[in-house]
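Note that the chains take the letters A, B, C and D in the order they are written out, and that residue 1 is the start of every chain.
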Amino acid sequence: MSVNVGILGGTGAVGQRFIQLLDGHSDFELVAITASDDSAGKSYREAAKWRVDSPIPDWVGDIEVRETDPQAVPDDVDLLFSSLPSGVAEVVEPRFTEAGYVVSSNSSNSRMADDVPLVIPEVNGEHLDLLEVQQDERGWDGALVKNPNCSTITMVPTLAALDRFGLETVHVSTLQAVSGAGYDGVTSMEIIDNVIPHIGGEELKMETESRKLLGSFDGTEIDHHDVNVSASCNRVPTLDGHLENVWAETRKDIDTDDARGAFADAPTLDLPSAPDPLIEVFENPDRPQPRLDRTLGGGMQIAVGGLQNTPSGLQYNCLAHNTIRGAAGASLLNGELLVREGWV
Amino acid sequence: MSVNVGILGGTGAVGQRFIQLLDGHSDFELVAITASDDSAGKSYREAAKWRVDSPIPDWVGDIEVRETDPQAVPDDVDLLFSSLPSGVAEVVEPRFTEAGYVVSSNSSNSRMADDVPLVIPEVNGEHLDLLEVQQDERGWDGALVKNPNCSTITMVPTLAALDRFGLETVHVSTLQAVSGAGYDGVTSMEIIDNVIPHIGGEELKMETESRKLLGSFDGTEIDHHDVNVSASCNRVPTLDGHLENVWAETRKDIDTDDARGAFADAPTLDLPSAPDPLIEVFENPDRPQPRLDRTLGGGMQIAVGGLQNTPSGLQYNCLAHNTIRGAAGASLLNGELLVREGWV
Amino acid sequence: MSVNVGILGGTGAVGQRFIQLLDGHSDFELVAITASDDSAGKSYREAAKWRVDSPIPDWVGDIEVRETDPQAVPDDVDLLFSSLPSGVAEVVEPRFTEAGYVVSSNSSNSRMADDVPLVIPEVNGEHLDLLEVQQDERGWDGALVKNPNCSTITMVPTLAALDRFGLETVHVSTLQAVSGAGYDGVTSMEIIDNVIPHIGGEELKMETESRKLLGSFDGTEIDHHDVNVSASCNRVPTLDGHLENVWAETRKDIDTDDARGAFADAPTLDLPSAPDPLIEVFENPDRPQPRLDRTLGGGMQIAVGGLQNTPSGLQYNCLAHNTIRGAAGASLLNGELLVREGWV
Amino acid sequence: MSVNVGILGGTGAVGQRFIQLLDGHSDFELVAITASDDSAGKSYREAAKWRVDSPIPDWVGDIEVRETDPQAVPDDVDLLFSSLPSGVAEVVEPRFTEAGYVVSSNSSNSRMADDVPLVIPEVNGEHLDLLEVQQDERGWDGALVKNPNCSTITMVPTLAALDRFGLETVHVSTLQAVSGAGYDGVTSMEIIDNVIPHIGGEELKMETESRKLLGSFDGTEIDHHDVNVSASCNRVPTLDGHLENVWAETRKDIDTDDARGAFADAPTLDLPSAPDPLIEVFENPDRPQPRLDRTLGGGMQIAVGGLQNTPSGLQYNCLAHNTIRGAAGASLLNGELLVREGWV
């Protein structure tokens, strides 16, 4: 099986991660890359300032970049990944879904829309069925699926595992890498020898997206979980890898062994990019660390450590690679699920 | 008034901060510096590898370093500051207090001992009276006062202010600078492009020291506060300045204006090194930041920002300079209080 | 004596340094700040995102920002400092000089123009007399003086001192701080755990500006020095302070003591911002270091170290604070010289 | 073919790189690891604090660490790699060579000894024949081969290529990563927001080792090249990858195309760890960069960029991974050459 895929907005940092991950992918063949109008017509090599730490694949360098317009994308593309700026995505993604394309998008727009599934395959893959409602309501032939924000993805697989004990309250403090803001998002003057204790909109995303992801789909709509998440988000001088300090309070008392058991039971899917296990637990309290552990499982695993019982709930740290599991890899995995579930 | 002071263990990172802060001090005159035996007899300039970012004061460079022994310290020294390694301090500090010296110590040993006052002057200066019990029980002519750990000091002045609303539960996540581990404590290979989500013993210090500091002294002993503090401590790639994300839950409902009022009411003391105000509140949510705000009030102020109401309590960030307010400046301020209260 | 001064383009990183340096200046009173049109009319506090590590002076925060236009600047301003982007400066600075203003500019345009003095007061203050030629040729009532590029300023005072031995060839490799590129010039993704071995145009600036600075003025024009400078410029992850590795070959053989003597003889001027001595020589081979030594002499000193004789010439390192001695402080010192020499 | 190999001093940073590189090696099977006495008897997993960014191979974790003593190493080990501290190596390596072992060592001792070949296979593999002299003179059954210092290796392959034009004078300024000093070699307090313009002994190593490497072997001794190398060495805040600014002056005039040709002609060996090409030339002047390009060719390639003609010679930058091509990979490649040349 080979599925022809394209990338909307493929020259930026997340776009380059898509290309790294698609290079040699077992099921997907990259056949189209779009970008802004001034890049259209150039070779990808020329249009993108390649910045990741493996050389640009030759076959990608030669691809001619297209306009981000349904007319410009060949008909035999079955699946589109989107890493467009959210303002652009808001306007452009519906044009593609109207034209019949299935879009797996990392852009932050429309994530909380009632008829848009927000999916982490190992957590709530069944929310994909919301696409029937979406197609009905919007009259689309195509479909739009979103993955959550990078800081949300890092934590929610662990919360889903703990929800068997009745998740009630979560405090989470994040130490987020600069790549999460995009290539130009954080200047060096801002972050060398410094921390920025604020990331616009991030805390709200963690609080609301978590509730939707952990919610249940009744065939018509998503019933959001009532967990109360309180997030404090910080930017720190790391390149990749979001580390998060979590306290989770549950209805039933749990100890660290209960948590280990729950994490070990987290599902592993039979999809090309799905890690096994989903959650890797470290016993050394000084792990996971961003630089040493962000590429576990090809950057798709959730690393957990520092498990402790406290009077304020189960305390632990979790870590994931923010531009792989938290962005391009998230959309890719959603794409793999869309194929398996017959939407592509 | 001029008080002759000395430093026990004055060649290390905290010792150098003591010297910076004593240079030009209105009331204290530095007359003696001790260090390990292999430094004794050398000039301070020769013994210390001066590493702070202002030149070594000439008059200090010429001081001859002494052995860390009561015999080696001149009799006219009225007050000693200690930045000895805690293992050494455990053995040596009692020798000085037995010999009649008053010691204001930053070392971590004995902080939780029943008869040792653990003091932040603006928070619990009245705990100094415990020294009468100490002298009685130990038969000392001198006295030993401790200041808390740097991460504790950063947070507790804000907690003390909020306790008027009945402090019950605190979650705190720290982003601590490398200087907190001493000059050689964190290697560059460990921390460049990285975070270490564990600092040995630090979480327990924050939890237990906070209870003692916020406790009340009944004339005989300290009744520790029953607040439940749960800390998650991280080392980040900053040089100086501990930033902390706090959630404080109180018996009475409070909003951010209540908190602003409480912070504004925090006491300011009439001591040379006491900042005014004690707590500076920023309204821009991306402040305070370690690099930009750690030297507020000469490094003695507590900076607060990001005030929010959440269902999980009052959320905010606080920041202090860990080797000034959190170490050398803390001991110095305790020394100033000891003088004012007649113990020196 | 008090001279009313203004800043053209005062909201950026160099503009903020101007304000830090003018706060409390003995001779200059800041009375006007201009910026781009969308800032005009706002208070400085509102228009500038204040980013330096001392609080914004209150009296400056209240100044109303003006348009960068001669009409908008009050007549009683005697001297203007310019930190405009060079493209803007190219157009705007002549409008001010035509209108009679004396402009001491840090912008890179016109530095190599035949009738524009490029000045480091301790090196070639006599080049100011070129202003007579400038006013004649251009018909200006005002005058335009430039200071060189930050990487040039760091090195040229040492070269000027060594020129008594007949400077012939210079190899210089720079390790430049990110602030040299402006607040947004280097992204964190580019420089964390990295070096960028290229700074556009920088090598040529060092090579040509050095020749002009070391040249002689014959009353009509500057005769450029024939020293052959070959520069290799690198951006490194430091915030402030350009460090440079220099090899200087001279006609006469010199040893390190000759060099020490020459550096000690470097002139110190009787101007408010002039450091004394101009050049500070370190004997410890691991100094100067950017973080520890960049603020020597208020950031106006040139620190030198690592002096060695080699078969390829005298080898040494030099360091200066790139946004003080290398930018705002450079223009300020030129302004002080302009006043002393009667041009203001 | 499979050769049994061991590592002397295998628990440190370079030892861990050896293990990464030997994991899956086509010709070598790792069968023994030695370390200091207090590690002997432990499993490798227990003895080594594993710090590289790929998980410890399981089969290595279970190896029992041995004493660094010929008696403790099994007889069927054919080749030993050494990453012992040089003081230890000075004493211990001869015990192994006397006992008949062939040792390929990265330790800095004895590199300049007359009868010890200092080898980069692509540069001076023929120097291996000096081992006959060594065995004769020392009465060893075994043999000792050294690779040069990491900063030397980065540059010398480019100098060897240019020597066809008659290499006369080299100026080189280095920007070296912290890993070059070993895991604990540079503290975070020393290097965050800083550069250290001095690395003890490094400049001399670059100057003398280069001459030996570029020298010729006449069957009896090495005739050192008479090139005059002048080095200025700096430590910068990068984790891995030494970047070097080079100016090379040659007897014959050369332009950048001549240099490109010479670099393209650099030999590529048919050895498992030898890169092809040896030297990769970048045309974009801002490359190579340490973080982006240090893993080229598995970390064994020399990256070159910024080629320019200057009046002071050919100017360019070169980069290599200091703990792969500059340390463990260098010894490994020497080991592969020793096998091919029949010494093992």
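Convention: a residue touches a chain if its C-beta (ideal position, glycine included) is under 8 Å from a C-beta of that chain, and two chains touch if they have at least 3 such contacts.
The chain lineup, named per UniProt: A, B, C, D = Aspartate-semialdehyde dehydrogenase.
These numbers come from a predicted model, not from an experiment.
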item: Relative to chain C, chain with the most remote C-alpha centre; value: A
item: Selected pair, greater C-beta contact count between A-C and B-C; value: A-C
item: Cα-centroid distance, chain A relative to chain B, in whole angstrom; value: 42
item: Mean-CA-position distance for chain C and chain B (Å); value: 41
item: Distance between the centres, which are taken as Cα means, of chain C and chain A, whole angstrom; value: 47
item: Interface hub residues of chain B, defined as touching at least two other chains; value: 51, 192-193, 237-239, 291-292
item: Parts of chain C lying in touch with chain A, wherever the complex brings them together; value: 13, 51, 178-179, 183-193, 237-239
item: Chain D residues touching chain C - in the complex, by the definition given at the top; value: 169, 171, 173, 175, 192-198, 228, 230, 232, 234, 236-239, 243, 245, 247, 285-292, 305-306, 310-313, 315, 317
item: For the chain A and chain D complex, residues of the former touching the latter; value: 51, 53-55, 192-193, 291-292, 295-296
